[in-house]
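We call the chains A, B, C, D and E, going by the order they appear; numbering starts again at 1 in every chain.
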Amino acid sequence: MTVPLELYLVLSASVFCAGLFGILVRQSALHFLMAVELMLNAANINLVAFSLEHGNLTGQVFALFGLALAAAEVAIGIGIILVLNRNFDNIDVTDAVTMRW
Amino acid sequence: MVLDQLAFGLFALVTVASSLGVVLVRDVWHAALLLGVALSSVAIHYVLLQAEFIAVMQVLVYIGGVLILLTFGVMLTRDDTTETGEVTP
Amino acid sequence: MTDFGTLPDWAALGPALALISTAFAVFIVDMIRPDEPWSELLAGVSLTGSLAALGLSLWYFIAGTGQADWGGAIRLFEGTLIVDGMSLFFATIVSSVLVLVVLASYDYFSGHTHEAEVYSLMLLAATGMVMVGMANSFVIAFIAFELASLPSYALVASLKRNRGSVEAGLKYFLIGALSSAILAYGISLVYVATGSLQFDAVTAAISEDVGGIFALGIVMILAGFGFKIAAVPFHFWAPEAYEGAPGPVSAFLSSASKAAGFVLIFRVFIDVFPYEAVSNTVDWVMAFQAIAIVTMTIANFAALRQEKVKRMLAYSSIGHAGYVLIAVAALTGDASGSFVLGSGMAHLMVYAFMNTGAFLFIALTEHWGVGRHIEDFNGLGTQAPFAASAMTLFLFSLAGLPIGGGFLSKLYLLLASVRANVALLGVALVVNSVVSVFYYTRVVKAMWVEEPSEDLEIESQPVGLYAALALAAVMTFLLLPGFGAVVEFANTAAELVTP
Amino acid sequence: MFIEGILAFTLASALLVFGSPDRYAGKLATGLSLVPLVGSVLMWLDFSSGGNALLADGNVAFQNTVDWFTFTFDSFELTLQWNVGVDGVSLPLLVLTTVLTTLALVSSWTPIDARQSQFYGLMLLMEMALIGVFTTLDFLLWFVFWEAVLIPMYFLIAIWGGPRRKYAAIKFLLYTNLASLIMFIGMFSLIFGLGDAISTLSFTEIAGALRAGELGSFAGMEAETLRLFAFVLLFVGFAVKVPLVPFHTWLPDAHVQAPTPVSVMLAGVLLKMGTYALLRFNFTMLPDVARENAEIIAAIGVLSVIYGALLALAQRDLKRIVAYSSISSMGYVILGLVAFTPHGMGGATFQMVSHGLISGLMFMVVGVIYNATHTRMVGDMSGLADRMPWTVGIFVAGSFGYMGLPLMSGFAAEVLIFIGSFQSTVIGNAPLFTAGAMFGIVIVAGYLLWAMQRTLFGEFSVETDYEVGTAPVHDIAPMFVLLGLIIVLGIQPDIIYEAIQNAVNPLNDPLTLAVDFFTGGELQ
Amino acid sequence: MVDVFNFVEAIALVPLASFVLVLLLGDRMPKKGAISGIAATGFSLAISLWVVLDLAMGGEVYHEELFTFVAGDDVGVELMFGLLIDPLAALMLTIVSLIAFLVHLFSLGYMNDEGEIGLRRYYASLSLFTFSMLAFVYSNNLLMAFMFFELVGLCSFLLIGFWFRDDGPPSAAKKAFLVTRFGDYFFLVGVVAVLGTFGTAAFAGEHSFIIEATHVLDPSHSGEMNTFFGLGEQAWITVIALLVLGGVVGKSAQFPLHTWLPDAMEGPTPVSALIHAATMVAAGVYLVMRMYGFYALSPTALSIIALIGGFTAFFAATMALVKQELKQVLAYSTVSQYGYMMLALGGGGYVGAVFHLTTHAIFKALLFLGAGAVIIAMHHNENMWDMGGLKSRMPVTYWTFLFGSLALAGIFPFAGFWSKDEVLLETLQHGLSGEPILLVGYGFGAAAVVLTALYTFRMVFLTFHGDPRTETAEDPEPIGWNMKFPLVVLGVLSAVAGVINLGAIKEFIGEDALFLKKWLEGKTLDGELGSLSAKEYHHILESDYAAGYEVTEISPLGPGALALVLALIGLGGAVALYRGSEPTPHMTKLGRVRTLLMNNYYLDEFQVWLATGLTAPLARAANKFDQSGIDGVVNGTGSVSMFTGQRFRKIQTGIVTNYAALLTMGLVLLLLVFALMGGWF
């Protein structure tokens, strides 16, 4: 492995930040969901990269679980977004403000 | 070796760019496509990291599952004629 | 109970197994008559399962399973799962809450189209929460965490035609997903730094200079857990989620889910990131002090001006998270760890009953169709004296008045902060306690002091909800004289964890 | 087991009354309250005084101790106990509680016309908590009862009070709750400072260890700082309850809004909790700090006396007048306590009982007048003596009792306090403080006479659309009982004073500390 | 013979029993309780006389501790009730019970026959008063004395305010109690100081505080006492003496606390006679007599007493000159006469003071009762300018009133002459030997003699002489036997009472004929009384360690003659000014001085200002401070909390993106703080 692992850290951090940025600026719930996926993937990049570094499979295993959970999360998320859409007629997260203060 | 580094650099670029694309484009549909790109390039990273199984899973689960779900979501929520049903605040 | 020794080790997972198998049982029962939910049977099965889990936890706990004099913690699956006093203590809390919530759900969700789903989701979430307590690896922790969270999102949004419920679900889900991502990233950073995800292995790896990556990971993990316990500034989901969710679900989340968050905090921060080892890079005790104080203060002051009872209770619940955080924030070394930690655990136990009770009362009012505002509660005392009395008991106990166990457990926390020489914590606790007395009393005042509005008429007295209220009330009250037992258990359980 | 019996019976009575129909609640509660009354009187008769319960050689009557649970700190364990018992200080207050409760219950028959069963149930609940406060000897247990008093009190004010009752009730609750917590911190700093010098939270043990100078350091405070710190926290905590100036502002609101019987209990017993606790904690456990700062404490006492009296002078509402004068009267108690002389401390304790009776009486009278006229404002009525001769007679008698008329208990109490504080060697320039406080007796005469002149005498005039007549017998009777007690105690204070003396005298002995914490030298 | 001291407590307790009886059953008793009161006071009178007789026959002074008020439990001061009956107390008991008895009788006419309502209250209060006064008199210690002193004040309050339906009486009652309370405050401080200093407050016995104090000062004895503030022993004794004097000044209506007494005339006239002339007002003076051995130790205290007394005697007399109401004149006269007694006490004239107390009790009670008779006759009109010519219409009243007036004015040979002469003589005797303050007092006293005679006879002339000036005076209401009888008894007494101590002519009749002096000097007429005797007091007075008074021996005839001449001048003035059928109001000629005098030197206004102009605003300011300052802080805390709560509440915007942003910010903040603190990277 010739690529310095720090670079993977940087990569994952970039992806993570991109996701975070998406969450902060996007109003569509689906966008939100995708941004979260990016963030989860960033974690996976770390895990897989350093699984190699540390020479054990723990990271990979965790990455697998992460994948599965991400999928489950998206499933739940889509469900919620659908009922949101039914109740509020759109999926703009800033519109659902019946409860505040 | 250099190839590795080149590949990393290339796909890192793709990953970051498409990630940014996901969050920057306004259109959800495009964002979903870009997300697919990003996730695929991450899968390539996995291959580079000798985690081929994870890479395969990445492609299967994300692109095969998540992306489809998202597409489904986009499809359903874009339809403005959906019945709203009874809503109570 | 010595015969437990003859049981296989995996039997220690009993509570979790009981819950998850009940969840499947509920699915199966539902399949019998999918179109027309059989409320009694569903509730009965769920109740049986949760009671079984409660019974098992209590049995193990009393028998001393996984505790020092029994031979230490039971480690399963190469140490990825651990069953010790702490896990069983929290299993008890979770299953107790579940019993109450299931009882209440019988009336609340009766006739609901997805009745079975609600029960099974609750049972699954509870399984996750119990598992959280048994996790001894970040992998298990994360999975259990998600197992607890994902059903919760669905539960919150389960009134799918209710905008509030859906909005609450959305917010809960979005913030939850974000927090999960942060947590996952934090865990990945810890892995980056240590190369391991098993708790003891991580601890073992800390001895070397771990540096910024690791510290970053710790803080991100802290943030992830902070979401679960709804500590400021990770609490934003909580007011809306609790307010919008169906009453029993709010009760479940605010009590059990919070406990699950705390057990991870306790275990991870005390055990995995020992203060002595990491305090140079991440002085997490100080972080928790700051978070605790800010949490208490913001939550209690915000609760002051709430107009809706449920939202006020939500803030109160956040405030209580701040109180319980004292259990980690006061681990300065000046006070014995098991005492400090034990007082937090004891408070969680008492809180499980009084807070669940309070939310279940809200569930009852929702069931009755009484409004959500404080004024809508005017005169409930005369219409439903029993339920209102129980609510009064819960509220005063939450406020720390000596009518329920909350009095002693709050005093214990105060003692812990005094003992640990964290003056600011003590002051914050006292001030916020007094502030909280004010807002709790607003509800009490509405129920007993104010004149009822004319159209207020309470007719039904739903059995399940009343039973749950009565049970919670009795427990809240009994924990005053019986607090000694709780705190002793908590202290013993805490002893194994604390250095 | 006698005390437990009384406690359990009172609690059971409360529950029974909660469940009884409104119509019978008043009579039922009154009847049931006779049991603790008789019980406490029996205790009194059976009581052989033998020193202070908190001191090692003290003899606690009716003591019963059962371990509750143990909690562990780093190096030491503390056992919490169910620990009850009485001595010469607590017994008179216990009897005062039971007597006043019964009388207050009778005096509730007229003014309480809604939700009776709840009212009487809460009154009995409060009695239970008050009995607990005066009989428990374990700190945490005591604190449970101490705080438990607040709950019934809150409801009693909030539900049956006057127009601003909600404000008054919540103010009372918050204020006193805050004070309790402050006090709690103070007390536990001491307990932690004592470390393994104590193994239970029994008052006796804590007091013994503190008086033996076993206080260590805690929270970075050396023993002498710690005891001062704890003393201040305790003092502030209790001063709110007493209340002492400047922690008094909850009192007039609570009093004015509370219904008559509740005011009776509030002034008669609840305020005594504060002074009782001051005596038990500050002056018994940390006497050296009290001695060292005697001038400051005495000054607070004098300030309360004079300032409270001045405030009373400015009031127009009869109830406010009596309320503020309570502040004034409680100032004497502090002065007496800090004197550390037999008559000072004894007189202070006697004043607790005496003021309980007299202020109870005054509130009852004002209540009866209010029942008849529906006003309490001094300007709104005059010449009541014309229509309600008995009530007015009692008003006059009670007022003079308040002014310290000889042969009524108030005089005995005050003169004992004055004698005690005058001779005090602890307070520097004690005669000046004493004389300052004594001026209160002039001001109190001023406002009470003024109020009497304006309301009771002159031509009869009250704006009502009905005829103001004499009060019913059951309103008058409790006042006569109180008046009788006041006079009996005024003529023969020794009935209770002897027991009190027995209990407080040992407190006046200079401490046999190994080291004087303040001078570093030996105490004489 | 049965020992009278076996039931001497009954002197006071029987009236107490009467009080209880009347209070409970008064309405159903004959004469609404009057009979009970008469019987009780009659009983007390009989016993008192018996006691006097017993003492005169050689009985021992009675001094017993009877009742433990507060047992000191070996560590504190023990407080006891006890009885001390020595000649002084016996004399006072007799006076009190006699006047009380007569006043009860008189009340039958004044109250019952007038059909007053509330008689039960009236007689109950009278009985209570009698009880308290008698108990005060035979108290054996200062604390007990104080207690009954206060009770007496309560009765005074109740009786002044008897007609509570009017506005005046309640106000006067309040004032009376309050002003005396002000004095009593100092008294109580004094009592406490005595207890604190000597550990006992007993008047008599081996360890009485008086003897202790003497022993401390007397170089030939050794004694111990506590002193405070680092004062010397004599200075501290002076302080205590002056403190107790506060009560005396209040109760005996001395300047400046005399203002309550004229107002107290709002009460029924028999009450004025009993309480505000003969007995209660005497309590203050009696107290000084009771502890005279103590006062004699302090020259400063004595001088102050003399000065207050002399000044009051003169000062009150000036005000009496211009009053128009009968009872007002008498009230100021009372103040003035008690000034004489104080003057005598300050001037070392113990016997003179007791003597004047005795005669004054008789003639002033007489005058008040006479005034009461006139008031009844005039249908409660008290203005003397509305009277006139009553002499022929009510002769018994006139003659008895005249006797009383002669006694008051100090005309030979009426009782007042002898006693007043004694007062002046003793003051002069001590004053001449180097006590200038006493001479000042004497000067005031002598000047007051003129004024006394002048206002007394102004009163007599205006009331009884000349032509009737109103229709009521034309045809006054007749009065019954029950009013006449007391008048006659007292009339006779005021004519002859001087005989007990004919000091002015002792050169002719010899010392042995000075019965009162001998009575006070010994427990029997020829025995020894120890520390309570006038002789002992004299001894102390003349000791260097104490007051250090000396006596300049002058013939009593000279000053006696001078006093008589002065009185006659006053009398002559009155004759000259107010004789005739249509007297003119000469006092109006005084102009602004009259206004000043009519307004009592504006002292009342000053005191009212003290109460309402100074204290009330202070109280209001305190109240305002309390409401806005202290309570403002309390409520402000609440408001600030609420405001904070509102702000915190608004953090929750409802927009989930904001939540995410805030969450992230929180996380970043945490990271930054830790990164900086922990020195990462």
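To be clear about the criterion, a contact is a pair of C-beta atoms (placed from the backbone, for glycine too) under 8 Å apart; a residue touches a chain by one contact, two chains touch by 3 or more.
None of these values were measured; they are calculated from a predicted model.
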Any chain that touches chain E and chain D: C
Chain closest to the middle [Cα centroid of all protein chains]: D
From chain E, the most remote chain by mean C-alpha position: B
Pair with more cross-chain C-beta pairs in contact, given A-C and C-D: A-C
Computed distance of Cα centres, chain C from chain B, in Å: 35
Chain A and chain D, separation of their C-alpha mean positions in angstrom: 64
Geometric centre distance via CA averages, chain D-chain B, whole Å: 74
Rounded Å distance between chain A and chain E, as computed from the means of their C-alpha atoms: 97
Of all residues in chain E, the ones touching two or more other chains: 649, 652, 654, 656, 660
Residues within chain C bordering two or more other chains: 161-164, 170-171, 174, 178, 182, 239-240, 438
Chain D: positions in contact with at least two other chains: none
Residue numbers on chain D that touch chain E, as the complex places them: 171, 175, 245-246, 248-250, 307, 310-311, 313-315, 341-343, 346, 383, 385-386, 396, 400, 403, 405-407, 411-412, 415-416, 418-420, 422-423, 429-432, 434-435, 438-439, 441-443, 445-446, 449-450, 452-453, 456-460, 492-494, 497-498, 501-502, 505, 508
Of chain C, residues touching chain E in the complex: 170-171, 174-175, 178-179, 182, 211-212, 215-216, 219-220, 222-223, 227, 232-234, 236-237, 239-240, 280-283, 287, 298, 301-306, 435, 438
Chain D-facing residues of chain C, complex: 334-336, 338-339, 382, 396, 401-403, 407-408, 411, 414-415, 418-419, 421, 423, 426, 430-431, 433-434, 437-438, 441, 445, 448-449, 480-481, 483-485, 487-488, 491
Residues of chain B touching chain A in the complex: 1-2, 4-5, 8, 12, 15-16, 19-20, 22-23, 28, 31-32, 35, 38-39, 42, 45-46, 48-51, 53-54, 57-58, 61-62, 65-66, 69-70, 72-74, 76-77, 80, 82-85, 87, 89
Chain E - residues contacting chain C, complex: 641-642, 644-646, 648-649, 651-652, 654, 656, 658-660, 662-663, 665-667, 670-671, 674-675, 677-681
